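Okay, so chain A shows up in both of these, paired with chain B first and chain C after.
Moving on to the complex of A and B:
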């Protein structure tokens, strides 16, 4: 009986989650005029995603390193907990903070690419910590100790032994965040004030303003395919490196 | 290590400042975010006197409760029975899918239904199904590690001693997994309560939820203390989910 319920639930996952993509396929097969995003929009999206992933990882690495080596449960929990705060709430909080910052320092963040990057780093930072933490925690002490015994300084041991050994984790975190950031809608809309226009915003407008299912479908399918491919790569990298 | 510790705590502080600012400003007796006009509860009073906000929060809560209960239960069953890598891969793929493409896919499916089967599901039903579509895989993925924590021998012992399959689940597995169940329930609840994109694609103009109300202000860059109060209240499920999750995880380590 349990098995039957579970199979029905699994069928529901496929039916509710994966079957709707067939509807996208239907709209794609209908043909029509394909409105592809402009090069500058693609460039903005990719640059934002690249910069976000790079900054989030650079910020998260030292923290994840500390958590994996010496951190306690409270520190870990506090760093990860913002995962459960909704994106829109985070965006709105930052909007308020930006207005205060603008008033005090005169630096305009709302409606700029910098503001969007701040928002996306804020949002994806916990993912970077989680992924990097998993990679660093699995690291055995032996290679580092060997390097130290053989005369490497602490910095050398880190740069030439530990960092290369945790690179798969860095790559996984990078792919994950890059992917989320490419499809991001809320941060560019709220913090970029629709002036920072990304592929996510474009898909959004195609549906809500132009009611153009064809172009939206093509882009969404591409994004979904990219996502599945990247997940596959990430899972493979993590697995190969854990053995 | 000392430097790293200070660095980590600085990051923690930075993560909570924006949220803290909104909560503090919801008690600010001034409409301007950079002027502190003293402590007040009047924005909360304004919020509680605002019918649309009540309706929105109520709608969000009902949807999130239904979705969380159903997907956590079914997620538990899936995690318990379908242990193969194939099954979990489907759910993992769903969890990392970019929100906007899955939302558009769902909207496309709903509008096909509307055009060809004459069934208009845009509105509460559409929102419920769209939320279920991504909370089911999420619950499955979240429950899977805890289910593997339940030893096979415990289950087999119960079965040999004559418990039916349902009985085993209810009296043996459920008590062991209760903390994980509650934690997953709250995470799914918080996610469904907070999500905006999927709701926007599948709702009808007359069905409004709390994130939609928030978006109406956020997307225009408008600060409003009543909305700060709404945002502060919307944090409650997230905080509950975070606290209970870490307590539950501790019991399994």
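Moving on to the complex of A and C:
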């Protein structure tokens, strides 16, 4: 049963990459010039994804913790509400916020890496909340209580018991956000004003501006492969964490 | 020597549910006290109140004469073994046991020495078990680790919340035996929660019987057995025949408590009844006989040689001095 499902899933992925595979074959038979992204572009992309995942998790952990311990349904709904809004809409409404921030504080967000990070964190925060909530909610209370009775303060019990026990949730949230963020196009395009240039933007440009389907396809496959690799590494890490 | 524990008029309220209704209790330093009661009687709540995991809505808690009602659990100097053990699954046996010492910033070599000492106390070979993960251990071994983790900090008061409820009877009996030895050897005050009266008499110098958030009777096992305060104590703490006194001509109000071992069949009883045997069960060192008489089933523990079988009509009874009357 599971083998069949896996096979179907694999077939679906292969079909999805039908055009890229053709492009790859075309390239390998010597039929085109591949325009690879620059190293700095790759670095920007991965740094953005890394920073986004880290900040989103750091912000979501306390929120998820609160929700799991004593939150109500309304607070839960409000915290994950951004999921209801499309990414493009979120990006444009953030532009308005950015101009207000700029007028008041003088901090320029539009067209900067900081602005892009703000947008991406805003976008992926709900995913982090959901994933962490699941991990924290199923945590049994007694190990923490045992730590308290053994002399640990609230903070010590959290750092030595609760946080390590919810680590699988942190890692899961990290994979999820990192994978999404690596392929991000809209936030860097709108909020970065094409000045913060990622592999996603590059693929977009190759497809829709340069009409270079060959390079676009091959690059998207490369990005997918890198993502798969990252997933593999992180899943292995989770296994070593798991109890 | 262990510290005394005292509760004065402690109440705990969960929303509209009152888990403890003004309970008072004094446990002497070094004593072994069992909190006994059916589920929902508030015995675990009481234990958690002593540990500081629950703050009472009313009343005070004293440990060693010091008012600790407002103190958090980490500043009460008690140790606790939880019902689900609550071992730390992300740590190995060594770090589990060492937890309390690490928090107290004990130097490394002393941590190693004390962890070995604690594991030897609970009869786990340190060389075999130190590096094991807790999920690799059997149920009985996990119990021992939990006990070692609680003992390593050399507590003055040890609280145990049905610690042996998940192991086989044989292992449970052995662990109880060892806990008893540790108690007399180390001298801590021991407060043990259970719903099992057999466990209770095994470990308790005194027993505190609870029901529906109230303390019903506190005393030595024999006091609870021979002089139960009411029907509930008589029934919960041992087998009993409970008959309205009016049926035996002993007064209008109240109930007569007659222990099954005091019921004799065919012998020289000072109070006699006639009935039909409805069940006979072999219980190793005695027979349990159930006799129906006047719409009531009487239980009798009799000698294995007693010639009874189901369907017999027998004369049975008891010495009137063995009847204990309770009011409610």
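Brief remarks follow.
One rule holds in what follows: the second predicted complex is superposed on the first by the 192 of 243 C-alpha atoms of A that agree within 3 Å, B and C clash if a C-alpha of one lies under 4 Å from a C-alpha of the other, contacts with A are read in each partner's own complex, and residues count from 1 in each chain.
Convention: a residue touches a chain if its C-beta (ideal position, glycine included) is under 8 Å from a C-beta of that chain, and two chains touch if they have at least 3 such contacts.
None of these values were measured; they are calculated from a predicted model.
In the superposition on chain A, A:209 contacts neither chain B nor chain C.
The larger set of touched chain A residues comes from B, when the choice is between chain B and chain C.
Contacts of A:156 after superposition on the shared chain: chain C is touched, whereas chain B is not.
Note for the complex: chain B touches chain A at residues 1, 4-5, 7-9, 11-12, 15-19, 21-22, 25, 33-34, 74-75, 77-78, 80-82, 87, 90-94, 96-102, 104-109, 111-112, 129, 132-134, 136-137, 140, 165-166, 169, 187, 190-191, 193-197, 200-201, 211, 214-215, 217-219, 221, 223, 227-228, 231, 234-235, 238-239, 241-242, 245-246, 250. Against chain B, the residues of chain A that register as touching in their complex are 1-3, 5-7, 9-10, 12-14, 16-24, 26-27, 59, 62-63, 65-67, 69-71, 73, 75, 77-97, 99-100, 103-104, 110-111, 122, 125, 176, 179-180, 182-183, 185-186, 189-190, 193-194, 200, 203-204, 207-208, 213, 216-217, 219-221, 223-224, 227-228, 230-231, 235.
Chain C contributes residues 51-53, 72-74, 76, 78-80, 82, 84, 86-90, 99-100, 103-104, 135, 149-150, 153 to its touches with chain A in the complex.
Residues of chain A touching chain C in their complex: 140, 142-143, 145-154, 156, 160-161, 164-165, 167, 241, 243.
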